[in-house]
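Consider the two complexes below, in which subunit A is the common component and subunit B and subunit C are the respective partners.
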Partner chain A sequence: MNLSISYLAAVFNSTLRYMTPILLVSLCAGVCSKSRVFNIGLEGTLLTSAFFAFLVQYKFRNIYLSVGCAVLVAMCITFIIAFFIVKLNGHSMIVGMAVNTFAMGFTTFLLQVVFKTKGVVSDPTLQGLPKVDVSFLGSGTLATMFGNLTVLDYAAFLLAILMYVIMYKTVVGFRIRCIGINPDAAASLGIRVQRWQILATTLSGGFIGLAGCLLSLGSVTMFIQNISAARGYVALAANNLCQGHPLGALASSALFGFTTALAQILQNTALRQQLLNCIPYIATIAAMAIFNGIEARKAKK
Partner chain B sequence: MRKKKLQSFLTTLGQPMVSVTIALLLGAVIIGLSGENVFKAYGVMLKGAFGDGYYLSSTLSRATPIIMGGLAVCIAWRSGYEAMGGEGQMIFGALSAAIIAYYVPVAPFLRTVLAMLGACLAGAVYSVLSGWLYEKWRVTFIISTLMLNYIANYVASYLTIYKLKDPEALDINASQTGKIMEAARLPRIFKAYSLHWGFLIAVLCVVLVYILMNKTEFGYKSRMNGFNSRFALYGGINARKMLYMVMILSGVCAGFGGSLEVLGSKYRYIDQMIFNTGYAWSGMVAALLANFNPIGTLVASILLSGLATGGAALQRSTSIPVETVNMIEGVITILMSVKLLNLISVRYRHTRKKEGGEKQ
Partner chain C sequence: MIFELRNITKYYGDTLANDDISIHLNEGEILCVVGENGAGKSTIMKILYGLEQPTSGEILVKGQPVRFRNPSDAMAHGIGMVQQHFMLFESLTVAENIVFKREPRRGPLLDKKAMLAAVSELSERYKLKIDPSARIENCPVGLRQRVEILKILYQNAEIIVFDEPSAVLTPIEVEALLQTMKELAAAGKSIVLITHKLNEVMAVADRIYVMRSGKLVAERKKEETSTDELAYLMVGHHPATREIPPVKTGETLLATEELSLHKDGRDVLSKVSIHVDGGEVVGIAGVSGNGQSELESVINGLEAPTGGKVLLCGRDVTHESVHTRRELGMAHISEDRFLWGGAVSGTLSENAIMAKEEREPYNHKGFLRKKKITEYAGSLIERFSVKASGPDSLLGELSGGNAQKLVAAREIMMETPVLICCEPTRGIDIGASDFIHNEILNKREKGDAVLLISSELSEITTLSDRIYVMFEGKIVGEFNRGAVDEKALGLLMLGGKIDA
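== the complex of A and B ==
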């Protein structure tokens, strides 16, 4: 393997590309966990919004419309999840699982009905998300590191910072965190707990919509059956690692972005594709084991 | 007293029925929107699921791994461990059964038995792994089991494609293990139909799990643990031992289910065969529909399996893809999660009380 600077730059670049969808989803997961709505429907939400981003772009060829539509779809689904969990007191795990099962069927069904195919749709004439022009960086290492990224990739980083400000520096964030720490205490302060929970979760669902756009209209413009490939679950783990902190999510999703990039890079070596695909999942478990295990041991002392 | 019992029985039965009805109505809307005749479509589904001996037997044989996956969920969830690792355990169970039954050079009958035992062991080990991650490393079940499912599928893929590929395959690209010899398979009950003895074994397992969970000390302890783990701890239940026992049992069920599928119906491990069919997930939905009652799980598994075979029939004769069934399954699940009838009856009682109060 040739470990030159330009090679490392390429690794850095693909790490960024793989981490942003996970980052966006884990931002949503962060709001959900801070407001005590345990949401595992992230995966299904991501899948459905990725599909709608592609569908709207295919039909109307308007990138703003498709991003808007994906965000809206994601918010709707997250609202349904929040409503069932908070208002109707449904079991959170089961609600989330139901959404994931439904999303799998729904996207495949629509794929069949609209595109008359099973598996993959791609259209070479389709415009993806606009790429950020980095020509001012020249054509050297820096250009490789930061080139070929879409607007939403950069937006993801800004949104993480924005979420930090909202959650930790404003009254709104204080209230949401308050609910997470102790709903009864929050209620006694006059916070309408259920309303806040549903509102906060629904709005944060928009992040998943953006992540969906990145999947189907980002570096490639195509929709593949089950395109989300457990990224929703990985984001859940990423969120668990950083305890719902938006800036922590940057670090934990970078870890998963890097392991995915690593799996991609090692493809040219003797290791087989199927085993390489395991790397991000193993890394998820390992990272959680290390962090939580240390935490638990500290708590014991 | 008797009235109360009847009422509770009706709510347990009514809940799934209401959910299933609403889901089927929604399915009707979807079928209608895609331009097919709703009645004809459901007719096709019903006939394709339970219509005659051929279809019924394929529904029952499909239900076999679903039942076992459901039992695994029943045991774990009722004890308070919300593990979703059935899929991974079933994959390794199926794979090890296929390997043992094909490669181990002993008498055919012994091969079958060894394959089943091996599958149980594989499922148990994989299940204990997630238990260990939870107990020692505080990795929550949901993350560890979901990740382990994907890992299992990829590893099994790798093994079937590169290491254990069928040496007699005509098609070089077929990623599957070798076909098990005829004498080592689970025989069919009727020659012409695909229903095999594995189904009856699964029914036997349902009875065993029912007895285990409702009539034994272990079952009582595990249910206590599920109700209130602190109370169970206070009552002197060894939480660690309980965790591992439950994990082993549920892993054995899932792994065994995988072996029944291999020995009774596919006769080999085919790449993605558990992952694509979603047996473990259907099992989970079935257990949920039955509120983690083993006997109810059996009935729900057969229903869900019928939904799938009916959906396949629908796909053959109309333009509606089989995935519509997933949507119906999802709707049933989400409706089951909120205990609709309880909600309604609580509201009803509430208003009645209020009215009564005003009268006085």
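== the complex of A and C ==
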């Protein structure tokens, strides 16, 4: 294997590209877990918003409209999830699974109806998300590292920092965290806990919309059946690793971005493709096992 | 007069919880409301804090009639409550807990400097020492309560209601709390203390209301009354002198030998050796949290001791399972009927045959026989006069006292040689507790051994043939019936010594 600098730069670049959708989804997962709404419907939300981002772009050829629409769709779905869990006291596991299963069927169905296909739909004339121009970096290693990234990829990092400020520095974030720690205590001081929970999670659902755009309008402009490919679950794991901390999410989603990139790099080696595809998921399980092991040991002390 | 309840009556369904109660509170005074469990104290407390609305009657704050639909309404009128179960954010700091809902801010940001300053200022003003940046999860109970008090003061409460505040505290913490109450009153706050602990009342009260079965039966100034009078007023008669016939004690049925338990870096039990003989009720007296519940779970087999032995009917069961111990002859009335004692969402029938579900005639070749079970549950309900619509109603629908009766019935009917009772009458009315006490004594007369763990001293002294006193995980005294008075016991429970 050739481990030249330019090669490592390319790995770095694809790590960034793979991690940003996971990062955005785990930002949402972070808000959900901090406000004590256990949302496993992230996967279905991501898939549906990726589909609508593509569909709107295909029909109207307006990138702003597509992104806006994807964000709106994601927020709507997250609202439904939150409403069912918080207000109607539905079991979070069932609500989430219902959304995920529905999203899978719904997007496949629409794919059939709108595009008359079952698998992949792509249109070479379709514009994806605008790329950030890094020509000022020249054409060397730096350009390889940071090139070919869309506006939303960069936005993801800024949003993580913004979420850190909101959750840990503002009064609003303080209250959301308090609600998550002890909803009864918050309610005893006259906070409308349910309203806060639903509002916070719904707004954070917008991040999933952005992640959806990255999937179908990012480095490639196409929609593939089940394009989200369990990234929603991976983000859930990433969020668990960082305990809902937005800056921690940067690290944990980078881990998953890197393992996915690794699977790509190792493609031309003797390892079987199917095995390689498992790497990110094996990494997820391993990371969770290690993390929980450490936590359990801490708790014992 | 800062606050007044006028002719408050409260019905729960058909049950009259408060009957025409009128009380008032003056500025800067400490007012105590005393009464037995079930006397209506907690209902009054809930009404004045907006958790319940009265069926009829008026609430006046500073002479103005008000309505409290929820606790925030009460808080808006300057009434704060120190809850028995703390409402705190465990993983946050003391300061963050105190400022919640009225956070100092700089634009949208939480102003941490101002927060720390405000909290330190508050803590100095009321002489309630705390470390603003300590995390609640690392604070002992007494400190957490202090945080609760500061939280209420930060919300600008003028009236502070304490609901049985000393139940969870150690004696030293109780002392500090009473001192705090006096200081708050001196600082112009008005205090309502709801309790049934008369020594605390006599230590701090200016004025005392006594409640009994939903009615206000007396109002006294502290100087005009005594613990004895208050006790008499609370119960309505002089404590019944129950005839407890002497029973010849048999052999030792339950014993522990130098039982130790090391947990969370401290010795919660150290070398506890006790024995209970047949025909004997043995009481363990102590302030809650001095190792009694650990002793309970080690004897039951829920927790393994780090040293020592548990002997049941002469057999070493230290390493036996709960099931084996029960089969060998142990039954257990646990402290919390809804958490440990029974299944809240199960029917009375189901709860009644728990632990008998593998036995004939309730189980025939692996099938449960509904008819036999219902019959049995019916018989328990009748014999123990459990107030319920029938064997099919759910345990959770029952009042605490009735649920406790059912759990007690189930365990007593196991007819085991050893019965362990933990706080068997906590939070239940006098009728039900008298009933359970009688059943415990019946068991004793049959020659069985009963271990009674209770923080209610009067329960221990009336029932027990022998009393052990526990303090900080150790047995610090052993007395036969009548060999010691409550005062001396109380002293021992607080870690003091009695001159022999």
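Quick notes on this structure:
Assume the second predicted complex is superposed on the first by the 301 of 301 C-alpha atoms of A that agree within 3 Å, B and C clash if a C-alpha of one lies under 4 Å from a C-alpha of the other, contacts with A are read in each partner's own complex, and residues count from 1 in each chain.
Rule of thumb we're sticking to: contacts are C-beta pairs under 8 Å (C-beta built on N, C-alpha and C of every residue); 3 or more make two chains touch, one makes a residue touch a chain.
Quantities reported herein were computed from a predicted structural model and do not represent experimental measurements.
On the shared subunit subunit A, the superposed partners subunit B and subunit C are arranged side by side without overlap.
Look at A:Ser4: by the touch rule set out above, it reaches neither subunit B nor subunit C. Of the two partner chains placed around the shared chain by superposition, neither subunit B nor subunit C is touched by A:Ser135.
Once the two complexes are overlaid on the shared chain, A:Lys169 sits against subunit C while remaining clear of subunit B. In the superposition on chain A, contact is made by A:Gly293 with subunit B only, not with subunit C.
When the shared chain is aligned, no partner comes close enough to touch A:Asn268: not subunit B, not subunit C. Looking at the superposition, the partner that touches the larger set of subunit A residues, subunit B or subunit C, turns out to be B. Superposing both complexes on chain A places the Cα centres of subunit B and subunit C at an angle of 70° as seen from the Cα centre of subunit A, in steps of 10. Of the two partner chains, subunit C is the only one touched by A:Leu189; subunit B is not. In the superposition on chain A, A:Cys178 contacts subunit C only, with no contact to subunit B.
Overlay on chain A (Cα): least separation between subunit B and subunit C is 5 Å. With the contact threshold set out at the top, not one residue of subunit A is in contact with subunit B in one structure and with subunit C in the other. On the side of subunit C, the complex with subunit A involves touching residues 70-72, 75, 83, 87-92, 96, 100-101, 103, 105, 108-110, 155.
Residues 169-175, 177-178, 181-182, 184-186, 188-191 of subunit A are the ones that touch subunit C when the two sit in their complex. Interface residues of subunit A facing subunit B in the complex, by the touch rule stated above, are 40, 84, 88-91, 93-95, 97-106, 108-109, 112-113, 118, 230, 233, 236-237, 240, 272, 274-275, 277-278, 281-282, 284-285, 288-290, 292-293, 295-296.
Residues 30, 34, 82, 84, 133, 136-140, 142-144, 146-148, 150-151, 154-155, 157-158, 161-162, 281, 284-285, 288, 319, 321, 323-334, 336-338, 343 of subunit B are the ones that touch subunit A when the two sit in their complex.
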